[in-house]
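Sharing a structure here in structure tokens format.
Naming follows writing order (A, B, C and D), and every chain is counted from residue 1.
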Amino acid sequence: MTKEGLLPAERLRNRFHLRNKYHAALCAELFGTFLLVFLVLGISCQHVLTGSKLVSFLSINIGVGFIVALSVYATYTTSGGQLNPAVSITLVFLGHISIKEFIGFVIVQTIGAFLGAAAGFAVYQDALNYFAGPLRTITGPNATAGIFCSFPAEHISNCTAFLDQVVGTAILLFFVCVFTDKRNNVPAFLHPLCFGFTLMLIGFTYGMNLGYPINPARDFGPRLFAVFAGYGWEVFTYHGCYFWIPIVAPLIGGPLGAFLYHTFIGAHAPDGVEEVKKVVLPSNGDESELLNNA
Amino acid sequence: MTKEGLLPAERLRNRFHLRNKYHAALCAELFGTFLLVFLVLGISCQHVLTGSKLVSFLSINIGVGFIVALSVYATYTTSGGQLNPAVSITLVFLGHISIKEFIGFVIVQTIGAFLGAAAGFAVYQDALNYFAGPLRTITGPNATAGIFCSFPAEHISNCTAFLDQVVGTAILLFFVCVFTDKRNNVPAFLHPLCFGFTLMLIGFTYGMNLGYPINPARDFGPRLFAVFAGYGWEVFTYHGCYFWIPIVAPLIGGPLGAFLYHTFIGAHAPDGVEEVKKVVLPSNGDESELLNNA
Amino acid sequence: MTKEGLLPAERLRNRFHLRNKYHAALCAELFGTFLLVFLVLGISCQHVLTGSKLVSFLSINIGVGFIVALSVYATYTTSGGQLNPAVSITLVFLGHISIKEFIGFVIVQTIGAFLGAAAGFAVYQDALNYFAGPLRTITGPNATAGIFCSFPAEHISNCTAFLDQVVGTAILLFFVCVFTDKRNNVPAFLHPLCFGFTLMLIGFTYGMNLGYPINPARDFGPRLFAVFAGYGWEVFTYHGCYFWIPIVAPLIGGPLGAFLYHTFIGAHAPDGVEEVKKVVLPSNGDESELLNNA
Amino acid sequence: MTKEGLLPAERLRNRFHLRNKYHAALCAELFGTFLLVFLVLGISCQHVLTGSKLVSFLSINIGVGFIVALSVYATYTTSGGQLNPAVSITLVFLGHISIKEFIGFVIVQTIGAFLGAAAGFAVYQDALNYFAGPLRTITGPNATAGIFCSFPAEHISNCTAFLDQVVGTAILLFFVCVFTDKRNNVPAFLHPLCFGFTLMLIGFTYGMNLGYPINPARDFGPRLFAVFAGYGWEVFTYHGCYFWIPIVAPLIGGPLGAFLYHTFIGAHAPDGVEEVKKVVLPSNGDESELLNNA
């Protein structure tokens, strides 16, 4: 019933397979970030172009959570599902990749994000023209620049914006460390889903000020595309040249979150299952076995 | 306490069991697509017949996700839970089934979808009459044709509609390939749930233009039923004979999504667990073991 | 650090443990149905007593799903987490329990439901008086009888109501059979969660007409309590003595759903993992291994 | 590609690792409760400071569920993820920790909660000033004290409030016992998620009266901070000195919930898998295997 030995997927693999693991990771990061931004742009369009009617803030929170979860599922075994320079720099901080590799990842992530914005723009052109006509503005009733990247409200100072981005990214990388710390025994097939839950959490708790970009590539790539899509360089100069904040702050917040986890909790986690069973909340009797994994 | 050896479920099995695997799969696809459309029609009725009050777009996204997840759970071991010609043609493209088998699947899927629409119509007849009286229209304040199949808004060109359907189905099959690629180590009992998450994702990101049918059988079967349910042949002629777009475009988008996954990511995924552990994001130390499955 | 050998939970167990498995199951069903209805009443109060502002239909769907999931988790190993005469009668139909056992289960389920309604009423008395004053009515702007049990809208005929309840319960038991059929390989620790997803599904798709009671004990027990809570016997006579429909229809729908699953799908599922791997959607190559469980 | 043997995370561990398990648990509880309250404060700010527009009661329920799930994931192996004096006292009641240990946990939990409130306040200062100007009030249109801790509506008597808190905490600890009882076979890596589902459940069902604090540290710590943040001591005297109710009632409700579970259900659960298979809902045939774990 099936053609043995030459299934198309295997043929594609034989033809395109990149043997160099770093090149394979670059390729996955390029496509993964493209996908991430393409999907995020879709949800932004559905939010902005219907005046929040179809897609509310709750929908955005849940939707972005699933976007991150699924994009990471797609790339987790090949590149670790970074898709975010803040994750990559934390991997440098934790000694898993080198600065040189980091730079390569950031470049492809940014290119992927730019292309993802372009692709999303293509699918929603009709709806954009229907909503805003020929106008391409950052503020006002028909503002649509928020589709591409973050713009703070008037009453948020750049100082608060910076703090907000440090905090948001710190929460993200804190929980990435929680889930990937093997002492916590969360099986790998659930990691991407848990990262998605973390994104939902950030949206629910610290997403109001700026819309939680917490990803330099995701914010800068589409912002650059927006210049060419008719919004002009104001997307960079707006609000006291705010644009650099979601680029720089996450690069500080990421390692900070990892540091906080490892210092306050990870460093004290028991080493193995046997050891755990004898401590604080023991498990003889019929309750509270801390580590009886599946 | 139980009657050994002759449990009713086993008796049914002995009586009806289809030994031919292809016939068994056809039977499961027929009933599974019936169920899928019956449930989708239910959620559409709750959306349309209450003026979006009970069931919002968010509810539709979540609900349709669960509908797909549960329908696939019901049929996954027997027929692979295709329930969609776009999935079936991708299985042809990937060499898992033949063209001849594909045609058989499409026929039963379409019959199932037609019958599912009829059954859903029966349960909601009272509510339909209460909402629209004797009117059966595609547009206007009491329009109810949207219960059965997709109709684009005026400002969406058929060109955009076609692109939209290619994109939506490509996303679907892209992630189906992600989850079923055994190199990604997602356990099979989670696959149907993950397919459901994918549907939610599509709804949140690229569902606005047309309501994401992305399934030729699901769109055509109920559309045909709508003709007999009082809407007439206008359901086919509406918007420049739009009806063929959600039939043809998904058949292109599906294989495209599979191709993109296998070319950009799948082809480069490491072959086995041992190999993975030594690459880009290694796992010695207390973090980031990529593949410590349950 | 802990007192070995005499942990309180074990002491309670030694003191109260029912050796007779049927008595243990009766006890679990009594408390489990109490809990189920106590929680469902809570969500109904939050819906009705705030004029749907706090808790919308979407919240009800999600909330009831979690209520069922968690109540079943509590009782799954002890009594199978039936909590519903429609489930119990399906177990009779499937040969797992006898008619005599069924009657015992129904009695304790109904008692549990009555007591659960009383307990929920106690917690929300202040809020009820604040919302409706001394009024206790089934219809009108301050109607609150819907907190306790289902009342159809005027335009729903009892005939449609009956069909609706058969359909809803059939969907429920259909999927209960899907998840518990060991040929489908869904691990037992996920069953209660999957039952919860099924309830969400029913709410999203066929919950509009009557509010999907689909549980004779859950509907009758609180209805009886409502008589004493000041609503009088009208809760039984309303809408052409509608009250018997959510009692009788689910007892038909449940076995029907099980029959449909086993006839159309279950009977044709492949027998074991090895067999599956060789059929319709095979798994050599890098995709689509149907049954590679965790 | 990686620097072997001296990964930063391991270096941090070697430097900070607390060998005394109780001290490690205290450290984790301090940081975990800080995190919990920091996140809860975030969601409260997004709710209150946008007039419920961004974050509705549904969003709060879902968000708080994820906050609890993720905070417990972070601390589960190190301290059991208590983060709540009501959980800690139940562990005393169940014989897992001593009174002396309990007192230590409560102190660090309260300090953590106080600091978490301070940190959340810092991030949302701009938005708070924008919403309420210099006003810091408990009632009225610009009331913001609800960001920090619970305040009952006028029509809720303190008697009902006490009952409400006993009930809410009893539900929480009832289900904590369900999930951690090893006879119920829920794998440990799902426990934190299941605790999160329990929180969602409580919000959906018994969250209306007071906003379900059900955690003495989470309510008292931020309340104390609110005094210094400009609200004055009225946060303690309001509504007949209500403040002690969410401190005392949960300490009763917690053990009550554990007692109810172990008396009515846990005591009667079958001892092992083999035993289960032979009782009430047996598993020969193709259905209803109660305990076929992954």
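FYI, a residue touches a chain if its C-beta (ideal position, glycine included) is under 8 Å from a C-beta of that chain, and two chains touch if they have at least 3 such contacts.
Predicted model only: the values in this text are computed from it and were never measured.
A.B. asks: Give the label of the chain whose average Cα location is farthest from that of chain B.
C.D. replies: D
A.B. asks: Same or different interface residues for chain A and chain B, judged by whether over half of the residue numbers are used by both?
C.D. replies: different
A.B. asks: How big is the gap, in whole Å, between where the Cα atoms of chain A centre and where those of chain C centre?
C.D. replies: 38
A.B. asks: Cα centroid separation between chain C and chain D, in whole Å?
C.D. replies: 27
A.B. asks: If I count partner chains per residue in chain D, which residues reach a count of at least 2?
C.D. replies: Expected reply: 1-2, 7, 9, 13, 58, 62, 94-97, 101, 177, 183, 187, 189, 266, 279-280, 282, 285-287, 293-294.
A.B. asks: Please give the residue numbers of chain B that touch chain A in the complex, ascending.
C.D. replies: 57-58, 61-62, 93-98, 101, 155-157, 160, 163-164, 167, 171, 174-175, 177-179, 183-187, 190, 194, 197-198, 200-201, 204-209, 258-270, 276, 279-283, 285-294
A.B. asks: Of all residues in chain C, which touch chain D in the complex?
C.D. replies: Residues of chain C touching chain D: 1-3, 6-9, 12-13, 15-18, 21-25, 27-28, 30-32, 35, 39-40, 42-43, 45-46, 49-50, 54-56, 58-59, 62-63, 66-67, 69-70, 73-80, 91, 94-97, 101, 122-127, 129-130, 177, 180-183, 187-189, 266, 293-294.
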